[in-house]
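A quick write-up on the structure given underneath.
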Amino acid sequence: MIPSAIHLDAVSLTFRDGSRLFDGLTMNVAAGRCTCLLGPSGCGKSTLLRLISGAADCHLDGRLRFDPDPPASVRCAWMGQDDLLLPWFSLLDNVLLGARLRGTLDRDHTERARELIAEAGLAGYEQALPAALSGGMRQRGALLRTLLEERPIMLMDEPFSALDALTRMRLQNLSCRLTTGATVMLVTHDVMEALRMADRIIVLGGTPVAIKTQLDLAGTPPRRPGDPEIIRHYEPLLEILLSEAP
Amino acid sequence: MIPSAIHLDAVSLTFRDGSRLFDGLTMNVAAGRCTCLLGPSGCGKSTLLRLISGAADCHLDGRLRFDPDPPASVRCAWMGQDDLLLPWFSLLDNVLLGARLRGTLDRDHTERARELIAEAGLAGYEQALPAALSGGMRQRGALLRTLLEERPIMLMDEPFSALDALTRMRLQNLSCRLTTGATVMLVTHDVMEALRMADRIIVLGGTPVAIKTQLDLAGTPPRRPGDPEIIRHYEPLLEILLSEAP
Amino acid sequence: QDREKLTVLLDWFVNPDHAPLFVAQEKGFFSKRGLDVQLIAPSNPNDPPKLVAAGKADLAVSYQHQHQMQVDQGLPLVRVATLIATPLNSLVVLADSGIDDIADLRGKTVGYSVGGFETVLLTVMLQQVGLQLSDVNLVNVNFSLSPSLLSGKVDGVIGAFRNFELNQLDLEGHPGRAFFVEEFGVPAYDELIVVANRDDLDRPELRAFVDALEEGVQYLVNHPDDSWRLFIGEDRGDLDDELNRRAWRDTLPRFALRPGALDRSRYLRFAAFLHEQEIIDGIAPLADWAVELE
Amino acid sequence: MITARRLIIIAAGLIGLWQLVVLATKAPPYILPGPWPVLQAAIANGSTLLHHLQTTGIEMVAGLLVGTLLGTSCALVMIIAPLLRRWLLPVLVISQAVPVFALAPLLVLWLGYGMASKIAMAVLIIFFPVASSFYQGMRRTNRDLLELARIMGARPVNVLRFIVIPAALPAFASGLRVATAVAPIGAVVGEWVGSSAGLGFYMLHANARMQVDVMFAALALLSAVSLVLYFSVDYLLDKLIYWQPTQGVTHE
Amino acid sequence: MITARRLIIIAAGLIGLWQLVVLATKAPPYILPGPWPVLQAAIANGSTLLHHLQTTGIEMVAGLLVGTLLGTSCALVMIIAPLLRRWLLPVLVISQAVPVFALAPLLVLWLGYGMASKIAMAVLIIFFPVASSFYQGMRRTNRDLLELARIMGARPVNVLRFIVIPAALPAFASGLRVATAVAPIGAVVGEWVGSSAGLGFYMLHANARMQVDVMFAALALLSAVSLVLYFSVDYLLDKLIYWQPTQGVTHE
């Protein structure tokens, strides 16, 4: 699996209702690295991920390039802000959705899914329907479904937002392990999370929305909570985020 | 508006599928105070809030008491983990839902809703349908809808989980201001948030789920980020949350 | 064993009008001539001749006026036998309705079921007393003749069969009064006939069928009581009620005793009548649409 | 929206299909005439057809309106009063199982031979899909929304108005589409109750006179009107559910 | 589930209602007989009725099965091939506007006088609600789910199987409920195509001979069978959509 770099050149979007987002946004996402997107609510993070995944329902001006450019059907894995679990499938079946949809489901894959489910603290809930799961459990299901995809580009929209500190840390570690080598784009509102997971942090903001700050971090994610890199960047980053856009 | 204390005596729940939750849980929530619930994902925080709101679809053993006990129709305001915005209503109409459902909508109320929407950073989106809003914008809509209710008991399930740091802080402040005097129960996974907002923090955990720790905080919420009470409790609380249940 | 299959479509549900067919069937008059006759009842009297024309059945029970209209429309059909040799159609009112004469119908409502022919009958009858069709209100009651008359929703109905609806009304305690069409300007005609596809005329089975039918009629008039038992026999027990018994009695004298015989000038006379009333556009040579089988 | 050009293409396609069926099955003209003789018959009887179409059109639209009203009312009653539902639902189901000819005399007895009995019959056929779909749609309202409303101390009528009914609109629309498609047959069947005008009446009449081409001309006219009615309603329904833009499942 | 006791109560209620209508409207017995003479007629013609019921029962079930199959197939075709849909949908709509008597001779011509033509007619009436509702349901599949599947590189057939079809099952169920309710009339109308057995035939027959009580006995039997069929299908459909337990909107 060769990871792809993602290049956005002067991107502007127009939604169906005519409203516009971005105004010539240019962004480069390094191949094989984890890029975390931070930015105020409503600034366009989710839309950006959808755009890259091909799921955005809007008109694109400007250019979106992948380098190298794998076929669309094996390019991305995407975890949206909603869990999008299928209510008629058990947790296990939901986690296995990708393979099932491609018709490539086999015993190994199922075995692996079971292991990951256990690792995510969901052992015993394999056969439960989404309606009988808690919000955080559903989110973990969606995460595992995404991680099992193993694509060159992994897009994750606030994947740990509904998890408690301990579970969150575990799943961050799991995610890092399973996405090593892939180009990861991760949207989060948790500064600590961004600092743990990212090779590069991009902060969006302003009107029109543009890159406010870009920050490259040393060391290999996931960083331990007390990592000096985290301590060094925490306060300044938070300051940037808490500062009002002009 | 006289706030109610909430008493759970030896509560056990049985879901429709026969699975059980809690085993004689006893919990007292002080009247007029803000109680934050922390605990691992899936431990039953949301279910607890639903139980108190009367929305839980399960069998209750044990007792649930309110003191004083206002009529059910004016007892609680509830914000679930999902935003539950009505897709056919604009943001403004969604925020006004309570009054509209009770048939008490008037100009003052609408004016107030508009003000709150602006205060939550959503000015200009009053007429937008939920489908055209970002996740965090929808969550703010749901929060405002709840805050406008002004009930003796305010139940909020991870109300800020989809918000960036700045917006989150603003809405925490807004919430504190608008719920002063009410009994607030707030579920969160963010330790800092709990320390800012709570008069009392209850940590759930273990099997069967029980109260692991209970912590009373001095001072009036919302505390400022550098507040000594926060600094004092942050590390120990995080430790408890990160410690494996036996 | 290898008897010739012959599918015969009735015009309507099984009723005493079909007695000769069933007597012939039960007495084995068909089978002894090497015929295996299957009788099928439709619910729309228009369809059977069409299906014979399309080759989906061998014979159909039809009405003379319907037959002539279909021939006029180019259907390759030929009358090969007659089942009932007099008109049955009549205009019926309730006896206590105060309508003693057709002239009393002025301004009243008259129900009918079959557009075209029945309205023509009514027109001609009204003409006898100096009225026009526009002097009455016409309503298509779609075969719901007696109920609409009984419930007072119409004052008269055209298309009522004298052997049937009159008895029906009587049994409900409201006797009717019939005005017979042939007594009010309509030339006499055959009510029920049997038609075949023109291409089949040389099939010997058809003549055999007519012969069996004739034998059936003869048995019927000679042994009416036994025939009744044959008619309601076996799986037609539900036909055994007062109405059918009366209808049976009233139908007996109306069967064609020589089913195969054709009164040519009577057919041409009726064709002229239909033509005059603009029911048919032209009059084809008789041999094209009505024959006596050799 | 369907443009005039597309309409013409579709009409041409349908007529071609018809001709194809005639040719392929070799159906004789007195059972299934081809488009050409039917067109001639239509032209020859144009004004009569249009005259009868008027009657049937009124019946169709009136039947659709009254049927929709009755259907939604039934659905609402069943939602509001679950106890009543137990009694109403069987009656509704039976109402669908009763054939016309059994009811016709009753309707005429109660309503006479005027428009009323025909519309009643059309309504009987039209209302059920609406009632059933709308009821099922309302019954599937998100439970959490209902709980939210209850906690808010909502008045039941407002829960219906602002939550349950909008949530069931897609289901209602689906039922109304079925109802619209059967509206023409509802009107035609209504005319069998006893009538002196309308396309159904005229078809029976032509059928009895063996004017098969005239009957098919009436049929073609009825079909055209049904299509117009159906696609108009379809368009309006898509507008009505403004928050759920329709799109294909596959990418066109 | 409906218990035997509840069934009896409902039956008694319906019969009471019937008697009430008779008394209230003073309908004469030759138009609407009361329950009592009808019961007598039912007993007197018991074996005949049951004999005809068999035929109609087979037609109903076969019509429902084939109709559901055809309906789902049509819906699937319209979902899979939007281009084809443009042509298919008008044909389906027209198929609902064509009255029986126009089609009957055609069906007999093509399918003969046997069961086939009757079932075909029943299917024609039954399939549309299924096709329409199922299609609408599939068209409303959550867009995000479809995008997710596309991103996953799903095979289209699997998207249908695992996402689109399950998502449309509630809508399908709603359509199938309507179809089940009209299945009896479908079978009855099918028998008008030309038959010598079946409750529809028997009713027409009894009607033509003014045996109104016998006709209503057949009607009552047909109604009872429809109710059983409807509530069986209703029950099965509730089971089929296992992830969406039904509940009342109001609190019973």
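Side notes on the structure shown:
Going by the order they are written in, the chains are A, B, C, D and E; count residues from 1 in each one.
Basically, a contact is a pair of C-beta atoms (placed from the backbone, for glycine too) under 8 Å apart; a residue touches a chain by one contact, two chains touch by 3 or more.
Molecules present, by chain and UniProt name: A, B = Putative hydroxymethylpyrimidine transport system ATP-binding protein; D, E = Putative hydroxymethylpyrimidine transport system permease protein.
What you see is a predicted model, and the numbers here were worked out from it, not measured in a lab.
The chains touching subunit C as well as subunit D are E. Residue numbering at the subunit D/subunit E interface overlaps substantially, since over half of the positions present are found in both copies.
If each chain is reduced to the centroid of its CA atoms, subunit D and subunit E end up 16 Å from each other. With each centre defined as the average position of its C-alpha atoms, the distance from subunit A to subunit D rounds to 49 Å. Rounded to whole angstrom units, the spacing between the C-alpha centres of subunit C and subunit E is 36. Each of the following residues of subunit B touches two or more other chains: 82.
Residue positions of subunit D touching 2 or more other chains: 27, 31, 101, 105, 109, 143, 159, 204, 207, 244.
Touching of two or more other chains is recorded for residues 46, 50, 54, 143, 147, 151 of subunit C. Screening every pair of chains for touch gives A-B, A-E, B-D, C-D, C-E, D-E. Subunit E contributes residues 142-145, 147-155, 158-159, 162-163, 166, 169, 242-244 to its touches with subunit A in the complex.
Residues 50, 53-55, 57, 73-74, 76-78, 80, 82, 84, 86-89, 97-98, 100-103, 129, 131, 149 of subunit B are the ones touching subunit D in the complex. On the subunit B side of its complex with subunit A, the touching residues are 15, 17, 19, 38-42, 44, 46-47, 81-82, 121, 132-137, 139-140, 157-158, 161-169, 189, 191, 238, 241-242, 244. On the subunit C side of its complex with subunit D, the touching residues are 46, 50, 53-54, 66, 69-70, 72-75, 109, 111, 114-117, 137-144, 147-148, 151, 153, 279. Note for the complex: subunit D touches subunit C at residues 27-31, 101, 104-105, 108-109, 112-113, 192-196, 201, 204-212.
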